[in-house]
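Structure in structure tokens, see below.
Here the chain labels run A, B, C and D in written order, and each chain numbers its own residues starting at 1.
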Amino acid sequence: MADSKQEQKLRRLRLGMVGGGITGHIGAAHRIAAAMHGLYDLAAGAFSSDPAVCRASGEAFGLDPQRCYDDYEQMFAKEAQREDGIEAVAIVTPNDLHAGPAIAAAEAGVDVLCDKPLAESLARTIEVEQAVAKAGVVFVLTHNYSGYPLVRQARQMVAEGLLGELRQTRIEYLQDGALRPLPPPGPKTWKGRPERCGPAGCIADIGSHAYHMLRFVTGADAVSLSCATRSHSPSRVLDDHCETLLRHEGEALGSMTCAQVSVGKKCDLNFHVYGDKGSLHWGQEEPNEMLYCPYGEPKQVLQRGMPYLGPAATPRSNIAPGHTEGYYEAFAQLYVDGWELIRARREGREPPATAKLAPNARDGVAVARYIGASVESAAQDGAWVELASVAP
Amino acid sequence: MADSKQEQKLRRLRLGMVGGGITGHIGAAHRIAAAMHGLYDLAAGAFSSDPAVCRASGEAFGLDPQRCYDDYEQMFAKEAQREDGIEAVAIVTPNDLHAGPAIAAAEAGVDVLCDKPLAESLARTIEVEQAVAKAGVVFVLTHNYSGYPLVRQARQMVAEGLLGELRQTRIEYLQDGALRPLPPPGPKTWKGRPERCGPAGCIADIGSHAYHMLRFVTGADAVSLSCATRSHSPSRVLDDHCETLLRHEGEALGSMTCAQVSVGKKCDLNFHVYGDKGSLHWGQEEPNEMLYCPYGEPKQVLQRGMPYLGPAATPRSNIAPGHTEGYYEAFAQLYVDGWELIRARREGREPPATAKLAPNARDGVAVARYIGASVESAAQDGAWVELASVAP
Amino acid sequence: MADSKQEQKLRRLRLGMVGGGITGHIGAAHRIAAAMHGLYDLAAGAFSSDPAVCRASGEAFGLDPQRCYDDYEQMFAKEAQREDGIEAVAIVTPNDLHAGPAIAAAEAGVDVLCDKPLAESLARTIEVEQAVAKAGVVFVLTHNYSGYPLVRQARQMVAEGLLGELRQTRIEYLQDGALRPLPPPGPKTWKGRPERCGPAGCIADIGSHAYHMLRFVTGADAVSLSCATRSHSPSRVLDDHCETLLRHEGEALGSMTCAQVSVGKKCDLNFHVYGDKGSLHWGQEEPNEMLYCPYGEPKQVLQRGMPYLGPAATPRSNIAPGHTEGYYEAFAQLYVDGWELIRARREGREPPATAKLAPNARDGVAVARYIGASVESAAQDGAWVELASVAP
Amino acid sequence: MADSKQEQKLRRLRLGMVGGGITGHIGAAHRIAAAMHGLYDLAAGAFSSDPAVCRASGEAFGLDPQRCYDDYEQMFAKEAQREDGIEAVAIVTPNDLHAGPAIAAAEAGVDVLCDKPLAESLARTIEVEQAVAKAGVVFVLTHNYSGYPLVRQARQMVAEGLLGELRQTRIEYLQDGALRPLPPPGPKTWKGRPERCGPAGCIADIGSHAYHMLRFVTGADAVSLSCATRSHSPSRVLDDHCETLLRHEGEALGSMTCAQVSVGKKCDLNFHVYGDKGSLHWGQEEPNEMLYCPYGEPKQVLQRGMPYLGPAATPRSNIAPGHTEGYYEAFAQLYVDGWELIRARREGREPPATAKLAPNARDGVAVARYIGASVESAAQDGAWVELASVAP
């Protein structure tokens, strides 16, 4: 958001945080995203279940010690009594601890920015979605890759029919972190453990991102899927490699590979979407370019920030083309969107169209259906499972 | 083959051709491949079922009109009576017309270079394989992509264990030619028609190449597959898009996409092979480089022609690194291999190891099993089908 | 800087800003860079020569209106009297207005982060350098491209002798912005006008970055240069295209192209450095990878964030490899460096080695010599000019 | 050349060769190029100054021993007496031995295909050009990189004004072969030795290619140049690194680097050409794609073989797009051009326009002027030298 814009003159939002203490990881990404465009002030937090860590974190972040709380219940209660109480909350706890604070925030009328996947099960995800809908609060689910300008350009081009009728999809999210042995259990090593994550390993961890990306870009859920998984890593019981076939609406057919044993890949999330008139390819390791192939014509390299892109791809916060934007800038876009949505809600007006691109609780439910369908299909030797039919 | 080598001094092989008249397409590739290193002289042909085309072709190719034959039976019969009769034959007819001349050649003791896939059915493919085995002739099946030096390097690296235990495979062959309407039936438009091709469309046309590539590089057949297909193009009845999951020996899992509706793709055959120690990526649109990722170390760009490559990847026919080689050079490698195999057979000695890399009739049978399994799985809603169990 | 680190617990630095009001551009980059890791709090500013803009800016940035000053003299005077006065200042005015506030800051004992090039002339640059040296304050010159982790890796590899003896250099900075007509004169359109920029156009604007990059990576200044320039754009009188040959110490020879008429290029700053044992290539449009070619071995793709990189390339503020970092992250690195340098100065200890990589006032003098030599050589039909001999 | 074309029915040309014995290198490239499309039959040769090598070569190439001659004088004399005597000759001797057989061929009315650079000096080059002009024979100078289809597309696009007015050029030819010690003097190791090559090292060897490429694409000679050279390699006396600035007609300015000490580069010949409306980039290590940037629009990736290319870029000999063509195919294009030119000359008609793109003796003179100007400028500390003023 360019500082020169009028909206900048509106007051900055007071942000609380649940989880995200100094010993954690994803909290830092959220704080950077919130700080980047000067739209939020971190004002309070229940940063850790360990009170000492919570206090130390608050100190590191420059907070008033009075506003470092032992738990989120306390935070919402005390902050509600302050005139300068928090207006929004970032939830950055392990996945199975999202729903509690999310529902509490909704009930307290506090707007939410929540890490993904929304919750540990479809049932619990639906609970959050319903609480959010009932309270009418803003809920931004940080599927951060949907904040990349060119991903939004892709969505717009598909929606405008530039690719024609969808025929073929391919999406990958490849890493190689599961080649390392699983670390011993601990507060920060909950990933990969069924008691915390439920029955889905890389399906939930990175498959959730990949599937969200696919539905974000194509504008629709897949109809059904067939899935095969492996747990290659000797120390793991959950899947670290998942191969999926997808049937889309109409005749389109797709495939998806999510794996954390792909040597040499670090965060290779990329998609190809093919219609009968054109195709698009984008990858997050080189996110400032996207390949657009109109049938029979020269391939086009679309470059972030260029005037020929649509409004969804050229937010005011962009730096000039040629300079690269990356992970943090895309993440920050969701915080910009959230800020727009929150301001609009509080002022009783319609938010800008681009802000509505931010993933929300309904998207969380759709992703939870994908996770459930994948687990179910893999358990049934790859039987085709309809996403709409997955039981909570 | 460098001209300075002793083998160059041996006589050039006299080559006949079945199919490949001037009005055809793949024949030109075979002729260029045969001519490139000066190892063959085109000496006779049954170039077309149309005698006028056959004669015109012979004239264009500078042949003695006496050696332009109406059909292959006549050619093998007459040539056998000549002192300077053909020693080898290139078969470049439509797929369902390979087996006849191949068996006839084998029975005549003529060595064979035959276009792919070997025949129109598994049963017919096995017949050819048995005839070849019985006659003891050389049979090179021109899965031409296996002639690329870096593909051979990949095979060698996998075999030497540089990738460790196989975990994950991904292979694609993507084109967009099926977006054009199918031309009216005719002698040169047999592709895409079930009466000529059998039940497999792009599975046989390009899937055969992709599957052969995968087994060439990994050194083994897949165990079973699950397949879904589409015929997107309104004018086609055979598949033009095929998504396949593959189970390999051990725990490795893979996926494969072959499609002729992938807008913007022309001949994008590429593979990723991942073991637990390293991975390889190669694509035929930039065939002079291959990416090798040893776990935890910098990615390496292997470049064709460099001294650090193994013997399989550095044939004497290579030009210096930095200069590109392409489709014809890879194709010509199979003709070099064939020449080595034929010379060795005729001299009663073991051929060089690298020449044995050329695909043969047994490979043709393996590929036919893949085609059969794919058709069977697709017909059964993606049921897993074991390749070894496919009935001829 | 990972939040988990002890240093985070130290207090955040109070930052003032000269220039950078809401109607400006580069100020936003500095504010984002300062905010990203939570190490600075923007506390005061003389944001604009227009008092209304200054006040509006302060309001937008959430400042106490008392600390929005009409000019920098007032700011330094008033802030010095506060217990919570500014500790550091960011100078983001037009180039010819850097020296004034920089000298004033130095005299006030305030540490400085200053945009580039340091000043409008070599003489004025030397004045600043001397004032800074006399006062002993920290001075970070934001040649922001030197904040990229892989650029620092390159410097380290050259210094460690991995490339052997330097032979050949090539550096480019290519844009196409000068193809647009020069906008009418105004407070924000000072670029390209000799009355504000002196005699150097793109030489100073982007050539300064390119030359700094080259000396940063090679660890040494060039000895002499020969330069030819053009002003292609009809509306411009200053150079918008500059071709330069460079003689380095020893026998190394190099070339450099800086141009703002290179259609299709937006910010293509890239370098190749060749020694007799290896070479490096990096470009800022894909800054998360660098190509390293050891002689006779496979090319290596070095990836940002990987453990095999040296300490200079793996600051604690990095996100995991595979996620991209871009312009803002590199810029923020200089603010992290500055924070380290300032903390160390104020605590009377040696700063960490990596922080000393931040460009300083002496680098500003070296760059000013390059600018002067280029202008001089171009005026003399490309005569070779020694950098050390340029008169202030 | 597609076999279906009428021209194929015309008789094949009988080709002689001077140089190119089995112990040589570039001769093989010429033979492959001549053989590829079936347009030439190698019929005679003076392959070596060593009669034994000459005879062995003829045997390896399948020639009548009577037509293996001790020297070119004998060959032209004897062949002229045969009814089936050679119609064209390929000259593939060391550079200082081109002019003799070229002039003899011209006088014998034999058409010539000659390796580059044309001769060892400008004076000798002009002699050949005059002899060719007088005799009216075809003379194809194998600057083989001009045979790449996309290079011809580039030339056409520049000529049609798609780039607008020329502003900026950049061309490189980078190798690292000079890092190896110069081998001891011998018949095959004449490169790098002043007694054989004259005063120019890499300027003549690869700079000749680079400069020819630049004038081929831009359609005009440079006006003047300024050049600096080095002989880095301890065993060499001639330049192995050359940095050049170029002034073109109008205001365009360019630079050129030719080096054989660029670690990691094998044959990196690439150009960027910028006008005020668009730019083009092509490199011979990935020759099947070219980047076209129209100002303000998405970059376009032009792909070899696609129907949107112009006639110069889509010769009938092309294989389908997506399949790569490389060094030999580009080389073969010059032999196709030569065949067209020779046929047209012998039939007294105008050759096709595309055939006239083949470099000829006049191009050889222009390149010799570039070589001379470079040597002269380097000797004068980089003084600007006009190409037209270079004395023979």
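Here, a contact is a pair of C-beta atoms (placed from the backbone, for glycine too) under 8 Å apart; a residue touches a chain by one contact, two chains touch by 3 or more.
Because the structure is a prediction, the values reported are computed rather than measured.
Asker: When every step has to jump to a touching chain, what is the lowest number of steps that links chain B to chain D?
Answerer: Shortest path length, in steps: 1.
Asker: Using each chain's Cα centroid, which is most distant from the centroid of chain C?
Answerer: B
Asker: In angstrom, rounded to a whole number, how far apart do the mean CA points of chain B and chain C lie?
Answerer: Here chain B and chain C have centroids separated by 56 Å.
Asker: When the centre of a chain is set as the mean of its C-alpha atoms, what distance in Å lies between chain A and chain B?
Answerer: 45
Asker: Any idea how many Å lie between the Cα centroids of chain A and chain C?
Answerer: One centre to the other, that is 34 Å.
Asker: By the touch rule stated above, which residues of chain B touch at least two different other chains?
Answerer: In chain B, 265, 291, 299, 303 touch at least two other chains.
Asker: Any idea which chain A residues touch chain C in the complex?
Answerer: The touching residues are 2-5, 8-9, 11-12, 22-24, 27-29, 31-32, 35-38, 41, 56-57, 59-62, 175, 265-268, 284-288, 303, 305, 319-329.
Asker: Once bound in the complex, which stretches of chain B touch chain C?
Answerer: Touch residues, chain B against chain C: 291-292, 296-303, 306-308.
Asker: Which chain B residues qualify as touching chain A in the complex?
Answerer: Its residues touching chain A are 163, 167-168, 170, 176, 179, 226, 228-230, 232, 241, 243, 245, 247, 251, 253-255, 257, 259, 261-265, 272, 274-279, 291, 293-295, 299, 381-382, 384.
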